[in-house]
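Take a look at the structures below.
One chain, chain A, links the two complexes that follow: it is found with chain B in the first and with chain C in the second.
Let's turn to the complex of A and B:
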């Protein structure tokens, strides 16, 4: 008996996938990334504007994918732009997902070394994390989205509880004045924020995994909105607890902010390791999704079974994760990957849609 | 029971089919030949009894065949032999085979069940399951008379699942009695029982019970298909069936629920589940099973909803304690001392002063000891078992600490863990958690909280991949069935529960209106 159809995911699962692919490590660094660029407490406006741009990107991505039912980006881009360019686009997206998963694994190992296991070699942490991911992804998209579904309430609860306990040190004055230096700095922040919204481009693939692709718009908007609200909450609370000046200097502002939280009754001496231990779940969700998409991309390019590619990706991801020599290089890699994400989430869909519009090919009604 | 012969198409029984088609022998018109065949097949055993006699008026030879003790001799004498010998004399000469059979049947109306058979094999299997077979000369049909005579146990309180509030009767070892226990609770005309014979030699009766028109037909067919495919020589217990039909035998988690309680089975049948009842065991299987079912009891529905909801949340906490507490202790003491409040840390350090082992070894020693004690207490006769408990408690509680082998705080951790694993309502889930505790302690000893988290993720990944009869093991939590969350971590008021579980895809999803 096969009551649940294979390789089809529900609208809720799609929205959750978009959200969890977006947050992950980036939510831990987003307050710093924004304040570095904006330098005023107005970063929350950048988050809002960035969210709207991401939604526009999501609209492009979904309306492009809806034109080719049953096909993923890797399969349909060659129809639009021909073999060579299509291959380039596919490879770009695959590299994006490989880099994203390596970035998550590497950032996790840095976090674990700072807050949990000071003496354990980075290599051990990364290898174990990668293989734990392999155990899940070889099961296909359905177990992945079910696991995401299972973790989603835990993660949201964690954000809410963390934020609520943050209010004990919250100073509204830290967020003032509003727009003291005009709207200019806000737009400087948008670029930094857009990198953090990378994740919705997964709809290039997910749209046609959906049971009901008509609801893809709903799913991507819901997914981006939840990430936007999470970013807003984190940003406001972190800036409110620390200050703009302080946040710019902190590597992991969210972890530092959670250090300030005092657990009532003193049952736990420090809060931030607990927070980070649970945050491993979030990083894992981002990691497995991008890992799976990279494998899927390769499998569809070569038209072969996916599992050999998933195993084959392990050493590649490991090398990519170990490439940056220090933490700064890790963040640079994350930023670079963010730009690739923007290219594949906004510019490539624009180009493809333009070509489709000129050549009048492909449509959803087929 | 003849279903077995009808389902010859199924490839799983190819060997069975061969065997039965080869051995089919029709009953001949000659009584002597029939008795000869029967004698050849089962007569070598001295408890097989063949009684021949003559029906007075027609001068016909007749015989009854049964097994001593398995069939009720008193019933045979009073309700078969006496009426046939006495009453048929009054009627006079009966001509014709069919008329004779009708007369015989009429004479034995006091018997509950009479069937006819044309094949020796069905006669033999009837004899072996406690019936009596009546042969008459010049007839090529035999009468199968139901004369069960073995001892059955009276339903008593289920020892593995005692409830404070709830019926005091549990299933017994007899299949028919168990079906009766269910029928008494569900007087629904759609309550259906299909009986199979499984086991090449044991020929155990297995009943598949479900509500026709309510349970998902695909599910019912799948359960039947898996049972038909079983090829084994003997079925001892439901555990055999469970292990032969489960989806993943490499999983530590039980994928079929075994229970001794008829009320629980009845409740699940009405939610669209399928029950598998096996002869000779008081345990009944419910398929499919999900993780949440192992954290619930039938009593949750009998107590008031607030208390039951509290208990359910408590059980989730309990399962986490039973699985992770020793591992967390090991991780905290050996890697993350900075997480423990300073005062507590000082007292733990002072306690561990004389302990020569690292905390992982300490935890492993204590957990092993507890497992050994538990096993010893279970296997020994009850009075000695209790003595073992007391001795073990003393050893763990006092002597080990005094001797400086373990720290007192470790004793608390182990005791809390053991009590938590006892508090889980389903034994099968308790075993799974007890087993997984050891790998968790090992990863905690190697990688601290990070290791525990990876272990937790691994368990979760396994759980999301696991399915029981096509239904997600984590249903209804994942995929989200928000409507059924009313009966998941909390138990909503019965008035508010209007639907049957969506995951079961029942044909009649509405439990009640409004």
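Let's turn to the complex of A and C:
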């Protein structure tokens, strides 16, 4: 299955896709994931350094993909490393996307149970979520990116409004002192934060959906930068509101911070429902993209039409989403998947590029 | 063919109708009339040994039973009475609230017991205040006690926490005159911190959780009941890490801590003029403070810079003439001395007697000298009691109101 001309997407759409695939459940847990590793208020430095590493990864991924115009990772990796290894790489990436979408669906059901529908079974929420996703995904890449384009300003606006209103309880002293224990802890945080940057590896596929693949570097850097700025904003505001010590003790630190915001004038007593819209949107966008990529990967492996694979993925994603018995297992699943993401976003492109460099194959970047 | 279409159309219409019934989002719906909205919770030690016989059998199962025994009183809103107007014929109208008490070991267990006692489902989303009795606060770790409220997603983090002198239930029993619910009357009292410095800064559950996470000592507002009125003044001192109450701060001592924290939005300071022995009252309008840690070698010390602006609110001096610069300077000096002595009194009480740091001195040391803090943080409260603190107060009396002088002196 090759990409038909109507499936081309613009540079802006690509950047938006990278951002929205990156910020999913992670915007809810990123302050805790980092401070648990760093233990000082310097986590924002880890976010910056992590962002730079992700950009380096993005550079690798794009420069690899641009050597094979019109082909996605699933199609060109076999040219480089041969059938068997290429198949393994493809399967790893497909598993990564399946796990990512299952993780997002499950985490959403946990959140909805906490804040909205306390007695609705998880199964129902996950099934509804998966089916609404399918409805969008069977339309192909274009409806997906157009929807993302529509959601993107809403998501960014909600993040901005939410974090701005957090400033009423913000204390700068909670972010000080800077680098009290040197730069060491910051690097511990980088490892934790890299998981949250997983998402740019989608450029292995997206690059060749672009109308103008020359601008792929621009798109991936813009995408990663926007996620980095969002993470920075959320981290700074949440730590400023809650302190480093408290953030480590909370299950959903960003949600708890939103519970502390008082709406001036008391028009509405509880602010979290507005945030819930934000979480659902970000989680949904991550979910549909990874779901589509998983389906696309399978379709290209078997050289068949994509739709049967998309429907076939539903039960698999449902089972994977229901697999973790409790919330700790859910978070572990997310972390594990993050590591797979790092492998497919940094190490696999490095290996492939190395082989290409030695064997001098591929074209398109002359 | 036409008939077939017609048939399919009917089937589709039927499916849509069924769907409309099934798919409306009412899974978790509860009518508001069926909810027992809880606005306040009071936690006490059980008063007497009623029902002890039965419990003794149970307590053999768990020896720590006795220590953890709690009585929880919840204030339910009676929604019908909330809307109705006072009857004009002097008929006693229905109370807008009802207090229900239950006993148990853990708060969650007690909360679920309420479902057996109340005709409405207990609903905590509008919980506004938690009042803990002195006895409980002195004997239990508050982090353990309040864990339920922080864990339960139904509760927000802006529930106010207070410690009652005496029985906490009494606070919920005081029938307010101007408000319909005792808890709301109590909450509107906390808003008055704009007018007085004698109550500790209101403490939200979320802020308390942060302080407990930091292991720092802090103050919780004190609520006192006098017959049929409540007063919010003074504070309970909670020792960090142990998270138990170790004593009370009086109204002036609380004021002292507020001066150091720099959170006063308005207050009155009463002092006596040295020459005439008459009263002078300073009205605080603005106040700022800054805690500056100083480290010289191994020695840590603090300087607290306090600045305040305000006016002369009242003076009893016959010779008092605010149009005269000399008098204003004399008054300013008298006020300044009074404030300094109030602050030192409160500081001595917390620092030397209770040996706690409730004004965030440690935090400033951590922020500015992190490497020094690393050495002393383990035993900071103990260490702090030996640290010298210098207080510098600067007062600007800028206003004296509508009448500056008195007729007596012109006779």
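Everything below uses one rule, namely that the second predicted complex is superposed on the first by the 358 of 366 C-alpha atoms of A that agree within 3 Å, B and C clash if a C-alpha of one lies under 4 Å from a C-alpha of the other, contacts with A are read in each partner's own complex, and residues count from 1 in each chain.
We take it that a contact is a pair of C-beta atoms (placed from the backbone, for glycine too) under 8 Å apart; a residue touches a chain by one contact, two chains touch by 3 or more.
It should be emphasised that the depicted structure is a prediction, and the values quoted were computed from it without experimental measurement.
Q: So, does A:246 touch the first partner chain B, the second partner chain C, both, or neither?
A: The answer is second: A:246 touches chain C but not chain B.
Q: Counting only touches as set out at the top, which of chain B and chain C does A:120 meet: first, second, both, neither?
A: both
Q: Going by the touch definition up top, name the partner, chain B or chain C, that contacts more of chain A.
A: B
Q: With both complexes superposed on chain A, which partner does A:260 reach: first (chain B), second (chain C), both or neither?
A: So A:260 only meets chain C here.
Q: If you stack the two complexes on chain A, which partner ends up touching A:273: first (chain B), second (chain C), both, or neither?
A: first
Q: Contact-wise, after the overlay, does A:284 reach chain B, chain C, both or neither (first, second, both, neither)?
A: Once the two structures are laid over each other on A, A:284 reaches chain B alone.
Q: Please work out whether A:36 is in contact with chain B alone, chain C alone, both, or neither, and reply first, second, both or neither.
A: neither
Q: Residues on chain A in contact with chain B in one complex and with chain C in the other?
A: 116-117, 120, 124, 269-270
Q: Show me the residue ranges of chain A that touch chain C in the complex, using the header's touch definition.
A: So the residues of chain A touching chain C come out as 114-120, 124, 173, 176-177, 180-181, 242-243, 245-246, 248-249, 256, 259-260, 262, 269-270.
Q: Applying the document's contact rule, which stretches of chain C touch chain A when the two form their complex?
A: Chain C residues touching chain A: 27-28, 125-126, 153-154, 156-158, 204, 206, 209-210, 213-215, 363-364, 366-368, 370-371.
Q: Going by the contact rule set out above, which residues of chain B touch chain A in the complex?
A: 216, 218-219, 221-222, 335-336, 338-342, 345, 447-450, 452-454, 457-458, 460-461, 464-465, 469-472, 474, 477-480, 505
Q: Tell me, which parts of chain A touch chain B in their complex?
A: 1-4, 10, 12-13, 112, 116-117, 120, 124-125, 128-129, 132, 135-136, 139, 143, 146-147, 149-151, 266-270, 273-274, 277-278, 280-281, 284
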